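What follows is a single structure, and I will ask about it in a moment.
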Amino acid sequence: MKLYEHLGKELFARYGITVPAGRVIENAGQAAEAASELGEVVIKSQVLTGKRGKAGGISFASSPEEAEAEAEKIFKMELGGFTADKLLVEEKIQIEQEIYLALTVDGTVRKPVVLASLDGGMDVEDVPEDRMIRWPVDVTVGMQGYMVREICRQMGVKGDLQKEFLKLLPKLYKMFRENDAELAEINPLALTPQGLVAADAKVTIDDDALYRHKELPRIKEKTALELKAEELDLAYVELDGEIAVMANGAGITMATLDMVQHYGGSPANFLDFGGGANIEKTSQALELLLGTNPKVLLINIFGGITRCDVVAEAFVRVRESKGIDLPVSFRLVGTNEAEGREILEKVGIKAFNSMDEAVSHAVELLNAS
Amino acid sequence: MSIYINDKTRVLVQGITGNQGSFHTGQMLKYGTNIVGGVSPGKGGQEVEGVPVYNTVFEAVENEQAEASILFIPAPFAKDAALEALAAGIKILVLIPEHIPLQDAMDIMAQAKRHEAVVVGPNTFGLVSSGACKIGIMPNQYFVPGPVGVVSRSGTLCYEIVGHLTESKIGTTTVVGLGGDRVVGLDFIDVLEQFEKDPETKTVVLVGEIGGSAEEEAAAYIKSSMSKPVVAYLAGKSAPPGKRMGHAGAIIERGRGTFESKVEALNAAGVDVADLPGKVPELVKTKLA
Amino acid sequence: MKLYEHLGKELFARYGITVPAGRVIENAGQAAEAASELGEVVIKSQVLTGKRGKAGGISFASSPEEAEAEAEKIFKMELGGFTADKLLVEEKIQIEQEIYLALTVDGTVRKPVVLASLDGGMDVEDVPEDRMIRWPVDVTVGMQGYMVREICRQMGVKGDLQKEFLKLLPKLYKMFRENDAELAEINPLALTPQGLVAADAKVTIDDDALYRHKELPRIKEKTALELKAEELDLAYVELDGEIAVMANGAGITMATLDMVQHYGGSPANFLDFGGGANIEKTSQALELLLGTNPKVLLINIFGGITRCDVVAEAFVRVRESKGIDLPVSFRLVGTNEAEGREILEKVGIKAFNSMDEAVSHAVELLNAS
Amino acid sequence: MSIYINDKTRVLVQGITGNQGSFHTGQMLKYGTNIVGGVSPGKGGQEVEGVPVYNTVFEAVENEQAEASILFIPAPFAKDAALEALAAGIKILVLIPEHIPLQDAMDIMAQAKRHEAVVVGPNTFGLVSSGACKIGIMPNQYFVPGPVGVVSRSGTLCYEIVGHLTESKIGTTTVVGLGGDRVVGLDFIDVLEQFEKDPETKTVVLVGEIGGSAEEEAAAYIKSSMSKPVVAYLAGKSAPPGKRMGHAGAIIERGRGTFESKVEALNAAGVDVADLPGKVPELVKTKLA
């Protein structure tokens, strides 16, 4: 779960990390009020899309009037498909140097890793490899002073700035671990006459750990269907094609999409309904799929803990209750395969044995539609 | 020879009295796995499928000299159970649960390293030494002995491919599911090293997917250190960037982990990448011939 | 630094460990007030000596009048050489079972170790070995649920009581680590109808870590000389013999005392003035020694980082300024030995070469005095 | 052969620019120790006694391939410096400072175990391979080569006893100070094992004191596993219970760690315990004869 910048900064502040003075506003009038308190300000759209600045979601103002006018503009802007409900109005800080600093999880070393570079402000992928210091942190040790000194040495940082890092990094690490963050990125980390200030905040919280962070808000910058899928605990991604796909298992669902494309079709979605789902959950997954108004339905089941009869039964129920009339291509093998096929045959559907046959048939159905 | 586990391996089931735990205990016993005990706090003294249940892993290890353990424990309690297994001396730990928090997974891996234990998963179907020992949840019938080692990041897709091999009368030595999470224990290279050393394994199938850099690293290892032929299949060719495709690890972020970069790396290491799962057996046959 | 029971219980309470409701009182009148609030009470002398109960420092009262009378008695009592400034008046709790629970540091395994026994209330040394569960805690892992379950299994604890331990032990461990405790002992840990209650609290904080616990009070239940030594950062222990001993190094100081006894004398103190002390500190150590009014002074210097000339110089200075007239036996070897001897010879003292000679001479001086 | 260290050992000094650090760097160099570098954050690029100073241990190890390190760092900062040394790959770590908090010492020891490093101390004079390499603060002149291994919990008392040996023309192979704190790295048994294996060591002197159970455990080890003769001296015979005699570990608590129990255990293991420090050489001579 990605946190809006202002929420990330609230978290930072709770851990003693300096952020610019600012106000969260919900209408343009409040921007004028904030600017009259803060003086020269920067106004930032609170959306989760990256490249917000390039798209015009960040603006400056040196008077309350100007702030109100800029805020009005930004409130109307669509950024990455979303308009912002809130803006962050912050004092304009005096930046001497822009630094990049982040903590993320490195699957290769299975550790949190510090990323630090004096090339702040740039997109992380644009920083040259040798200018980006990577330091994996042993979780049994935690963030120690020596690690910060060594990171600083590798960055070429000394003296007072090193002292600032010695204060900052243990706080950032504590925040990262205690809040189950996957990413805590400060870019730019601004060196000002008052020390290091987090001028931006990109914090992502591990969805799987949200249950132990009741204090954190729940951010829902998703489409209606994605939200529905999340409620049902389904792995669902909206795509823009025409064949709705349902399968059991993330890998095989991806492979099914790839195969749809391979045979010239286009998938409408990724939907992994998991292993061992019951009739209820399977039905809900199917109903969700129909909501996308696809032209063809493709179901690919390789039953392990998933039972073929359960999927067939759920399909027949939803078909009857919702009156599905779109063409269906069904692949059904594995646990209780015979029972499942029998159920489908009663409604006139012959299930395929192979994924290949089912997918190419789905594409044929699409071309015929 | 077999890698990691064999028909003698003494296996424990943590969470044995739950629905999944008891069902898969039955399935593993049918496959021939030497399950020596189960653990379920507060249920010590019971039996599940004829297997004695203990209150703690320490008690079970003391009484049954278990060496491996498979976890059927809800994600919020999985870290505690995993650390218990490691502290009690378990050397092969299979973590079935999905949704284990990332920070917990890192804590588990740090301790596994200290205890020099092998962790498979989390979010894996487990591993199987075909015909000898299954520690996992995969359907029994597809895993028959043969000359091919299989290592995969995903579950059902792996069954699909092993199913194609079985149809083509090609069996497997060992099949390992690495797990779909961003932080998992074993990685491709660990398993490839074992396959390279295993005289029974003649060819290896690697089933990868988009996201992360595991396939690229595997390719580098294959290029530098493997003499045996490797065939691959990769899922996610059609996936858009920035979207998690079901697995936590299956996401193209910041331009890294793309299908193209993986194929390129594998091809450069002499690995043939099948364009459909069903094409894997053909490629394997050319290597075995 | 040992904490008074009431301070230990305050710490416990801060970590969510249940303690009996109670009041700290400073005069007998307050005991009556406390008893009128709390009902039946137990009144406990706040001294640091063990076996306080056996010595009469704990009493019960069922009315405010009785509480006042008992408090009066206890205030007058001398326990282990000290009278209490404060008493703890607590509600009398309903104890179903007495349990022993402690966290301490085990030098052999270099880890914190949990000690737990169902034989609570007894002195720890009286609990049979096989009834005392010992569980070393890996500090890189911390106190995890599985450890508690295993400790419970070994104790023979199940069900609801195990659940109580699952809540209690992580709190105790957190308190122990975060406060740099050397010992956190609850004896008895009382099982009551409301769950586990810490009926007593023995907490010792690591002196070497006090600097990072500004929030903790400083307990000074020491003799005036011991307090003075502490201020001077000297390792000093008061004994009841007649030969004052000063040496450099804990082991050699102990060995000097042993040798004094070996030759039939009795040491007045243990004083290790450390290595590399300057004239100032050495002088202060000497002045401290003279405060005990010994009959003979024995100085045993094997100079490594300690310089012989510095010790000799300090001795001569103190001798002159304070007019030391008691007999002195001096052993002086090591760094700058010649210079040191010369300084002593000027005031008519011939230093010995060997510890043996110096000690036996000191005993002769004592016998001659 | 020598144990732990020899004339080739590449030694680092952490805190080299401080008073103690620079003084003892000079002393160790005079003894012949192969000091390859020093560390002092913010002072990189300087020199002390001709030794190059680095900002971090990583930098020093990278440039000088140091294997051992000695710490002259104030107690509140010692844990950080010790963890740095261990993380940077130092395998012999000598902790001179006293007053390191107990919890810090336990954290250091846990990491040392993970890194398979040897920690000497804290609150130790260090260790010396006589005539070859001194990593410590003991006076140079007493440590001359010979056939006796010495291991001690205390400092000056150890010098006293080694001084007596030197007077009697008996030299030492290696002398190790375990340190006076309650939690220290090496213990008697670790060092006795090394002496037992070291062909140059013919007899061992153990200098113990009251408190803890290290001497009793050493006695059990000597009884079960040592072929070489051991002579002991123990300080604290006259110490009252419940009082810390200078060392954090030198305290008779709860009836444990008494002089009598230690002498009894050592005698039962065939170890002669000298009643005065000066009697040690006589006993050693009977063993060497």
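Note that the chains take the letters A, B, C and D in the order they are written out, and that residue 1 is the start of every chain.
As a working rule, a residue touches a chain if its C-beta (ideal position, glycine included) is under 8 Å from a C-beta of that chain, and two chains touch if they have at least 3 such contacts.
Note that the structure is predicted; figures quoted are calculated from it, not measured.
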Chain separated most widely from subunit D, comparing mean CA positions: A
Which of C-D and A-D has more C-beta contact pairs: C-D
Rounded Å distance between subunit A and subunit D, as computed from the means of their C-alpha atoms: 55
Centroid spacing, where centroids are CA-atom means, of subunit B and subunit D in whole angstrom: 47
Subunit C-subunit D separation of Cα centroids, rounded to whole Å: 27
Touching two or more other chains - residue numbers and ranges from subunit A: 138, 140-141
Subunit B: positions in contact with at least two other chains: 110-111, 114
Of all residues in subunit B, those that touch subunit A in their complex: 20, 75-76, 99-107, 109-111, 114, 125, 137-139, 152-160, 163, 180, 182-185, 187, 207, 209-210, 212-214, 217, 233, 235-240, 243-250, 254-256, 275-278
Touching residues (chain side subunit C, partner subunit D) in the complex: 105, 107-108, 110-112, 124-125, 138-140, 177, 180, 182, 206, 208-209, 211-212, 235, 237, 239, 247-255, 257-262, 267, 270, 272, 275-276, 302-305, 333-335, 354-356
In the complex, subunit C residues that touch subunit B: 138, 140-141, 144-147, 149-150, 153, 158-159, 162
Subunit D - residues contacting subunit A, complex: 41-42, 55-59, 77, 80-81, 83-84, 87, 110-111, 114
